[in-house]
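Below you'll find a set of structures to go through.
Here come two complexes built around subunit A, the first alongside subunit B, the second alongside subunit C.
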Partner chain A sequence: MTMQPLYQALKARFPIGELTEQRPDLAFITVPREQLRGLLLHLRDQEGFTHLVLLTAVDWIEEDRFQLTYLLHDRKGARDIGLRVMLPRQAVIEGAPMESIHDLWPTAATYQRELREMFGIDFPDSPGVNEDFILEGWREIPPYRRDFDTLKYSNATFAPRPGRESQDPAQYMKAQLYPDGA
Partner chain B sequence: MKQELEKRWVKGPDGVDFEVEPLRDYYCEAPPTVMPAAYSKIIEGLFNWARAESLWILGFGTGCGAIEMRPLMTPRFDAYRYGIQWRPTPRQSNLFVISGYLSVKTLKRVIRSYEQMPNPKYVVGLGSCTINGGMYFDSYNTITRLDEYLPVDVYITGCMPRPEALLAGFEELKRIIRAGKGEGANQYAERFDWYKANQKRVIHDWDMPDYNW
Partner chain C sequence: MAYQADRSQYPSRRPDGSLDIDLSSGKYLKLWQGPQHPGITGNMSVELTVCGDEVVEGKTHVGYLHRGFEKLMERRTFIQCFPIVCRICVPEPDFNEYCYAAAVEELAGLEVPERAHWIRTLILEMGRINSYLMYLGGQAGALGQGVIGQWTTYVRDLMLDRFEELSGARIYHMFIMPGGVRDGLPDGFEQRMEETLREIESTLADVKDVMFNNAVFKKRTVGLGYIDPAIVDQYGVTGPTARAAGVAKDVRRDQPYLVYPELDFEPVVGQDSDVFTRADVRRRDLLMSVDLIRQILARMPRSGAVMAPLPNVLHWKIPFGETYIRGECSRGEYGYYLVTDGSGYPRRVNVRGPSYTHAMALLERLIVNCNIADVAALMVSLHTYPPEIER
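So, the complex of A and B:
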């Protein structure tokens, strides 16, 4: 089994980007943002991808992009497809909105609420998106962004106990197992 | 402040309107006080012996360590034979086992529960996370040191400690109590302002009364 036939069929209908085949039953497609909704509807209603497995984000800070991943599952065909949407990072930080898909899958509202809190990606139409999700009374930049230094924040906030040591596991085990440096 | 804590008029079941001010009506307005020892050393010793043999754990699992409680309270390890039992509410228990990592959100609930427990009360910190943060030492949302926020009597090391380690820890706690050193509740009362300041430094949306008993 391969995802090529599906990819070719989609490509005939939508202007989509490249395909990454992770496994025979799992592939990712890069999608322009304007095509996302149509593509999701097509996959859900025509191709049998009825289940939204997850909606998550990746912070590509070096490339100045946020990646949204919409992972869909086709129960009958036992295969998954992930749609990658790239957003301009700086614009998102400044509050550029992203389209909500809570009307396609109601569960998406929860994911979008989490993304709003953890990455600061705004989905203005999503119900309850501005309510506290996991964090209560958070004051810093969203904690899942790569430019948020969790160790620095933890040391400044939580009064660490002195005397903690960290070792590089590879070096430490090497010294333990081969004490004479062989 | 939360809506349910605000002063408001309520219609009772008998149709009479009455005013409710939750912070005054439902909670105590005074800080906790130090409980003095008994008048004689022999009596206090007797009390401490009785306290050590009557440990009631609050059934509140805060982290992954809560899973170690299940074999402990069931026949495999059977902590009941040592006089240790679990209770469902803070009003009926005197030992709080902080079982593993403690997020800021949970800390808020832990403080409320701890303050509602009757004196004398004890806290056991379970696992590395309560001691120095453990594997969550650099987390944005997990406290690294329990004794900044609550007085801790015994720490049990490990990630996770086995039920045997917990039983050893409880025996250690009993020795501490019998020796008259299980003074966590009095410490909390004496340094109440310090503990409150620490708690409020990490809990940013403090929307509960300062005195939760």
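So, the complex of A and C:
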């Protein structure tokens, strides 16, 4: 089994990018943002990809891009397809909206709410998208972005408990193993 | 004449579809179910708006268990991630280990020895039994039958003993690591496992009599929390919850992994799609796992390597790539989406737990018009573990 026939059929209808075949039953395609909705509808209604497995983002900060991954599953064909949508990172941070797909899969609203909170990607039409999901009262930049430094935040926010000290593992083990300093 | 509910007290809808609930009218009350454990749903809460004793709206709130696993992993090497992942799901941690290990192996091009596949399958089925036993106790407990939880906890403890002699740990086993598994089976393991399985079967026969043939349990669960098979895909419903609706979704059969192609089994399917059927599907699925463990122990290779040679794990860099690995856990489809960028750290790890869809969109839909007293039974029947929602 291969994803090539499906890819060729999709390519004839939609201007899509290259195919990355990860396994015979799993492939990723980069798609232009304006083609996403049509492609999702086609895959869902015509090709049997009825199950939205996940929707998540990857922060490619060096290339100034956010990647949105829409992973769809076709149970009869036992295959998965991942659609990658690249968003300009700076524009997203400044508030450029992304289209919601909650009307295609109601569960997408939860994913979009999480993406809004964790990456700051806005889906303005998605129900409840601006409500706090996990982080109540968060004031910093969205924490799953690569430029959010967890260690710095932790050091600035939490005080170390008195009576504890950190050891360098290598030095500590050396002192344990060779107490005479040999 | 058919019963007609009095809808005059119910809220009307605003143009955007949301309910127009005026709390100052005195008709409605806000009630919080959780975040303490109501049954075994873990630390999540549902904000209920009730009218009389009937729920008109429910909103799931999570975040009580957020530890930022996905972000933590971006700062850790691939081998350092391995002891973290199991903490994402306490009652059934092994799926995290398997999905993470399989994703790393695929992207790093590691070949796992045959014997390790058998041991992995064994561990996943043992974990499934543990998870189901905990569920059965919780489901009965949510309806006031405390004794079932005591029985299932006893046999679950026996299974934890088997885990302890296999891996040295009862809860977080950390046994399935990238490259294979940590060790083979100890001497006499098969014999002791057989004794445990017999004890589980005997307890389940009692559970069937006391729980499933109980008039109160039937009366309260038959017809409660109906899930239309038509919305199974729309709401991302998987696992026993989907199978109870007559949709034979089972990753072990649909996209077989590990040694499932070599095992003889058929997915357990129900029809009525209510709380009773979901409980019954899980009970039968548990018995199927008992059978699968017997098949595995009878057929697995007794010798051979259990670990592939790993590169120096302190300097282990994995080429650029992305993949998704799924498995059928006791609650549905569990999956890991792993993205690597050629460095020694994952670029992104995304955990797809079945509770993410079941406890949010699906529960909020099912809970409407439910009686307050039935909410706990409904929540438990979706078998959700909140840590996998908030990772």
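Here is the rule we use: the second predicted complex is superposed on the first by the 160 of 182 C-alpha atoms of A that agree within 3 Å, B and C clash if a C-alpha of one lies under 4 Å from a C-alpha of the other, contacts with A are read in each partner's own complex, and residues count from 1 in each chain.
As a convention for this text, a contact is a pair of C-beta atoms (placed from the backbone, for glycine too) under 8 Å apart; a residue touches a chain by one contact, two chains touch by 3 or more.
Keep in mind it's a predicted model, so treat the numbers as computed, not measured.
**Student:** Report for A:138: first if it touches subunit B alone, second if subunit C alone, otherwise both or neither.
**Tutor:** Only subunit B; A:138 stays clear of subunit C.
**Student:** For A:30, decide between first (touching subunit B), second (touching subunit C), both and neither.
**Tutor:** A:30 contacts neither subunit B nor subunit C.
**Student:** Touching A:150 in the superposition: subunit B (first), subunit C (second), both, neither?
**Tutor:** both
**Student:** After superposing on the shared chain, does subunit C or subunit B touch more subunit A residues?
**Tutor:** Answer, by number of touched residues of subunit A: C.
**Student:** Figure out whether A:160 sits in contact with subunit B (first) or subunit C (second), or with both, or with neither.
**Tutor:** Touch partner of A:160: subunit B, not subunit C.
**Student:** In the overlaid three-chain picture, which partner chain does A:53 touch, first (subunit B) or second (subunit C), both, or neither?
**Tutor:** It touches subunit C, and subunit B stays clear.
**Student:** Is A:71 touching anything from subunit B or subunit C once the two structures are fitted on A? First, second, both or neither.
**Tutor:** Second partner only.
**Student:** Which parts of subunit A are in contact with subunit B and also with subunit C?
**Tutor:** After superposing on chain A, subunit A residues 134-136, 143, 148, 150-151 contact both subunit B and subunit C.
**Student:** Within their complex, state which residues of subunit A touch subunit B.
**Tutor:** Listed in rising order, the residues are 134-140, 143, 148, 150-151, 153-154, 157-161, 163-164.
**Student:** Give the list of subunit C residues in touch with subunit A in this complex.
**Tutor:** Contact set of subunit C toward subunit A: 62-63, 66, 68, 70-72, 74-75, 106, 233-236, 238, 249, 254-255, 321-324, 326, 333, 335, 337, 339, 347-348, 350, 352, 356-357, 360-362, 365, 390.
**Student:** Residues of subunit A touching subunit C in their complex?
**Tutor:** Listed in rising order, the residues are 20, 22-23, 25-26, 28, 50-54, 56, 58-59, 69, 71, 75, 78, 80, 82, 105-107, 109-110, 132-136, 143-144, 146, 148, 150-151.
**Student:** Could you list, by residue number, the parts of subunit B that touch subunit A in their complex?
**Tutor:** Result: residues 104-105, 108, 131-133, 137-145, 148, 198, 201-205 of subunit B touch subunit A.
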